[in-house]
Amino acid sequence: MTTKKQAGEAVLAAKARLGLTWVQLAELLDAPEAWTVAALLGQHPLSVTQAEKAAGILELGAQEIAAFTARPTRGALDAAVPTDPTIYRFYEVLQVYGPAIKELIHEKFGDGIMSAINFKIDVDRRDDPGGERIVVTLDGKYLKYQWG
Amino acid sequence: MTTKKQAGEAVLAAKARLGLTWVQLAELLDAPEAWTVAALLGQHPLSVTQAEKAAGILELGAQEIAAFTARPTRGALDAAVPTDPTIYRFYEVLQVYGPAIKELIHEKFGDGIMSAINFKIDVDRRDDPGGERIVVTLDGKYLKYQWG
Amino acid sequence: MTTKKQAGEAVLAAKARLGLTWVQLAELLDAPEAWTVAALLGQHPLSVTQAEKAAGILELGAQEIAAFTARPTRGALDAAVPTDPTIYRFYEVLQVYGPAIKELIHEKFGDGIMSAINFKIDVDRRDDPGGERIVVTLDGKYLKYQWG
Amino acid sequence: MTTKKQAGEAVLAAKARLGLTWVQLAELLDAPEAWTVAALLGQHPLSVTQAEKAAGILELGAQEIAAFTARPTRGALDAAVPTDPTIYRFYEVLQVYGPAIKELIHEKFGDGIMSAINFKIDVDRRDDPGGERIVVTLDGKYLKYQWG
Amino acid sequence: MTTKKQAGEAVLAAKARLGLTWVQLAELLDAPEAWTVAALLGQHPLSVTQAEKAAGILELGAQEIAAFTARPTRGALDAAVPTDPTIYRFYEVLQVYGPAIKELIHEKFGDGIMSAINFKIDVDRRDDPGGERIVVTLDGKYLKYQWG
Amino acid sequence: MTTKKQAGEAVLAAKARLGLTWVQLAELLDAPEAWTVAALLGQHPLSVTQAEKAAGILELGAQEIAAFTARPTRGALDAAVPTDPTIYRFYEVLQVYGPAIKELIHEKFGDGIMSAINFKIDVDRRDDPGGERIVVTLDGKYLKYQWG
Amino acid sequence: MTTKKQAGEAVLAAKARLGLTWVQLAELLDAPEAWTVAALLGQHPLSVTQAEKAAGILELGAQEIAAFTARPTRGALDAAVPTDPTIYRFYEVLQVYGPAIKELIHEKFGDGIMSAINFKIDVDRRDDPGGERIVVTLDGKYLKYQWG
Amino acid sequence: MTTKKQAGEAVLAAKARLGLTWVQLAELLDAPEAWTVAALLGQHPLSVTQAEKAAGILELGAQEIAAFTARPTRGALDAAVPTDPTIYRFYEVLQVYGPAIKELIHEKFGDGIMSAINFKIDVDRRDDPGGERIVVTLDGKYLKYQWG
Amino acid sequence: MTTKKQAGEAVLAAKARLGLTWVQLAELLDAPEAWTVAALLGQHPLSVTQAEKAAGILELGAQEIAAFTARPTRGALDAAVPTDPTIYRFYEVLQVYGPAIKELIHEKFGDGIMSAINFKIDVDRRDDPGGERIVVTLDGKYLKYQWG
Amino acid sequence: MTTKKQAGEAVLAAKARLGLTWVQLAELLDAPEAWTVAALLGQHPLSVTQAEKAAGILELGAQEIAAFTARPTRGALDAAVPTDPTIYRFYEVLQVYGPAIKELIHEKFGDGIMSAINFKIDVDRRDDPGGERIVVTLDGKYLKYQWG
């Protein structure tokens, strides 16, 4: 049985071999970019239609289709504290700004959280005189602590 | 000697006693909101002018001013994996979307990272038919892996 | 400044001294039992009215009222894996039944989670020929993975 | 030798291929739902009769039957703190409500625990004007601390 | 408020000052030896009668009585893996014989556990030509895995 | 090369296939029960004679004989804190009674330890009106702290 | 698919077989020494030209070329605290001099960091009457904490 | 008794109050910069002469002198993986370049290590068209693995 | 109550104030050097006679005498992996030579261990043309694995 | 490619098959005993001559010779805290005597360490009326903290 992780590695290999980009894949699947990447790397299930379409584009087979549609056990970090510098910076943001984000959420919304389930994320580029900037937008529903 | 942590607790107490909000404090200090919260909670140093102004507004003393201007040893999480649900959700976002963010940064910019130093963050509200949404924008300079 | 933890300890001491039960406290505060215990032990903020009422009942002062109304940084376990046997059994339930719960949630609801925010919990007794039974009911809103 | 984990993966694959649900499997095995899932995923042993019946339904072989009946070394979390969001929420419940549950067990029953051995669990659905709700009921025998 | 840990330290100091042994304390309290030690060190609650009697013998005050009768949050090891050699040897026994104990319990009793709640423990001496031997007897009720 | 762990798995498979019990195996090998289980699961080396006899009974080959006689690197827990409930209860005993055991050893014997090397363990059954009880007896030589 | 780690092992084997040094490889690739080693061991991607050249020199194939050009998930330590003595000494330098380095960076540059991205490293030899010395030079761009 | 840590905090406070820099302190003590900072923060002992001189400059007393001359138990990181971004970058360098440094040390010197004891470190500035650069030079004696 | 740790700190302060060495203290107490240091730092109990003598020499009081004679909870490392370089090197010896020591013990003695209880240790100096050498001798009784 | 670990396992198997001892192997290689064991188990590189000789004696092939001569990434413990009792006792010695060893090194030599690189170790037997004793001698060069 092909695991979602193995399917994700097959996606990376096919993508490189075919010269495809994630942006192209997202367009072909008619799905949001970050969702597409996360899903093909194994963090979200694809519908059968999406899985078949993705397998067609990436020249993958029935094993990968089955893996794409399987329910994920989520969680992709290599360790509790990630070691890859590109990913670590976001952990560092939490170390430095975590309590500030919490204070502002509580002040602007109330006692609650930003949902990570009813949630979307974008990775964009912003040009600036000081150089290119990466803009990551986290957009989640506010969930108020509510007893039942 | 008052530590930055103790000063941060004094800020929280004064803020509650005086009925001030973070947004008001940021406006009074003429500084960005998230920066203001992070700095007053001990993750960024204030300039002497800012520190005196903040102490004036919050009715704090020389000890807190000294703590505000001191260099921080940064890092505010209670554990490697944060336990507070409001903060944890951002850690969860990393577990689910970390590799996707990395892939998109590499595809859209190249082999590099989003700086967490040349960086700003905003916590905003977006109204939506489905309910209020929290929008957290991370905006950091792209830093390319560059040998010297 | 009295912390929420210190206030919680003061509650336990007062409760013992006054011979009050949690059930009585919950009735007096007109609030759910488990919420009342969690809140007075520091995991939820009380409203000013509730805090003053609780302080009145428990013969506590302004310091505790301030602590009761403060925003909590949540998380009460003594370690990642709890050592107290009464609490550990619930961790054990997760070790043995965690994936089964996940499978059944996915099958009965879809790809999503049980909210721990829009959530209530009850601890009840059920008499059984085989002896008394503890029935803990977790009741949380189903949140579907939903992109924005 | 097929391990219980491999047998569990074979169950998931067969279940998907045959279009069976856990509820159907539980009915066919005449066993409780959550027990059925936990057992087929390797956390409980099946009797020989149950194992043969399950293998028949799922079109599995002697290897899987042997694995189903083997004694489990229990414990299914991927890490001390689970990373999958659906499972994590239950860990979060422990972080926020663990001491409250303990207080209420002690008050309503005495100094003791809820057994996780003489124990059953249900995952149910409750419709509510605010949306579907997941109701997880933990039902365990009260065990009193008793010296011998 | 005196914690159970502080009360335990007061017990150790008083016991040394008064030249009392644990065996004498257990006799005076008419309670089992190991239970007496564990309880006075904070792992079990004493009844009010026992607490007053113990405080009388050990010349302790109302603070300690209150601590003795308080509900414990159990767990006494200094670290997940204990560092004290006398305690570590028991951890080592688990590392070397844990699976063997499990196999024999399953073979002799069935799929279940030895209760650590309905449980007693003794620490005895056995003289042997090869030298004195420590005999620690763990005696717990067999609890069978039983669905509800 | 067959490892001791693989040999242990082969033992479990053969034992199930042949319908043998650990008690029978111990009798056939004329060795103590718990020692037999620990040794065949890889925590003690067997003599060549014992290994050949065991392999004969269990219908195993030269590879397993070599593994049985090899020196073990001991330590069988799946994690520093074991996850299997049957094994965990013994860890819990240490958390609750560890310091009490230490106190009693020191009082009854002096400053020293119970050897885990010159040591034997038994897992027995005791019938009791309150139900079957598991009695685990740890019997180790007292070793006094002695300088040279 | 050959992973970057497997490709790194193939490099080490080929290098030994062909009697090549890292210094020679760096010259042949016209690249800095430390970069060359880090890249061939999997911590940096090579360009297609570099990868083909490296594969030609080391007599490796298409699989290794693909691995060389793949994006790395960086992080090479065997554990959070490295066990190899040659690498551990650098961790020890952090334990002893970390805060001193931080103080001097802040004093000489301001509130900021040394980039590990716009960064180069050299490992050189310095002869000294007291014996050969290893000189490791870390040279990174100063990045000032800058809000956007 | 003043600990080395408390003395280090007194140094930081005095230094700020008196408007002194580390570079000035190092010159006044006629000692290397990084050594001076590390020593005054508690990682190296000062000689009595140095300690008295330092206390004189910083207007500290006999308690601090005693602390300065005491033998340190070294190790200054807040956690195994440091959380402060300025210090973390050096840990990241180890994650990315650790094995490369090891390879080059072995190739250029032989099987051995860079001493962290016979060792000096400098933190310097280098101006570059691309911006200021931090140059940290680690200079340690090569120690060859040598059997006695 | 003075803890053994506080008593150890008082010893260090008194020893410095009085200009005494450990070797002198060991002679005055007529006890082995390493034992004396370990005991005064809290890892072994002193007899009443020794404790009074030590307190007399070091000009300490009744509190310290009580602490010296108290039973220790042993274990002195600051972390599972020690951070102090002088202590770490011994941990490193275990990382590099641990299995070799084990093999030689098994070959020269049989299946067993070196006792750390019936044990002595010496720290000596050996002059060598290549420079001074530290010779640490561990001398412990061989304990054979022996069933009862 | 055969790893050093696999080569070590091949050594153990060959040694058992041929009935060789480590002492014989050390004599045949004309190398110190503990060095020989550590090196053949993968913690030190062998010279080509030694590797060929060792392979000849142990009837191993070119793959093992290559592994023997490869540079090791050192560190052989199965966990930060070793679980095997024979190895653990040495860790325990560190827990109990680590600070005492440090004090004596500092007193007898000065502020520095015992090298673990310019180092040798012996495992010997000493007969004693009280029984056989294991004497492990650690002999390392004293390295003084020396700035450059």
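Structure notes:
Just so it is clear, A, B, C, D, E, F, G, H, I and J label the chains in written order, and each chain counts residues from 1 on its own.
In the analysis below, contacts are C-beta pairs under 8 Å (C-beta built on N, C-alpha and C of every residue); 3 or more make two chains touch, one makes a residue touch a chain.
Everything quoted here is computed from the prediction, not taken from an experiment.
Listed options E-F, B-C or B-D contain a single repeat of the C-E interface, assigned here to B-C, on the basis that more than half of the contact pairs agree by residue number.
Distance between chain C and chain G, defined via averaged C-alpha coordinates, is recorded as 50 Å. Mean C-alpha position of chain F lies 29 Å from that of chain J.
Residue positions 73-75, 77, 80-86, 92, 95-96, 99, 102-103, 106, 112-113, 115-119, 139 of chain A are each in touch with at least two other chains.
Pairwise chain contacts present here: A-B, A-C, A-D, A-G, A-H, B-C, B-D, B-G, B-H, C-D, C-E, C-F, D-E, D-F, E-F, E-I, E-J, F-I, F-J, G-H, G-I, G-J, H-I, H-J, I-J [touch as defined]. Residue ranges of chain D in contact with chain E, taken from their complex: 32, 35, 44-45, 71, 73, 99, 102-103, 106, 111-113, 115, 117-120, 139, 143-148. Listing the residues of chain D that touch chain A in their complex gives 9-10, 12-13, 16, 78-79, 81-86.
Interface residues of chain E facing chain F in the complex, by the touch rule stated above, are 21-23, 33-34, 37-38, 41, 43, 74-77, 80-82, 84-87, 89-109, 112-116, 118-119, 121, 123-126, 128, 130-142. Those residues of chain H that touch chain A in the complex are listed here as 81, 83, 85, 88, 92, 95-96. Interface residues of chain I facing chain E in the complex, by the touch rule stated above, are 1, 66, 69-70, 72-75, 77, 80, 116-117.
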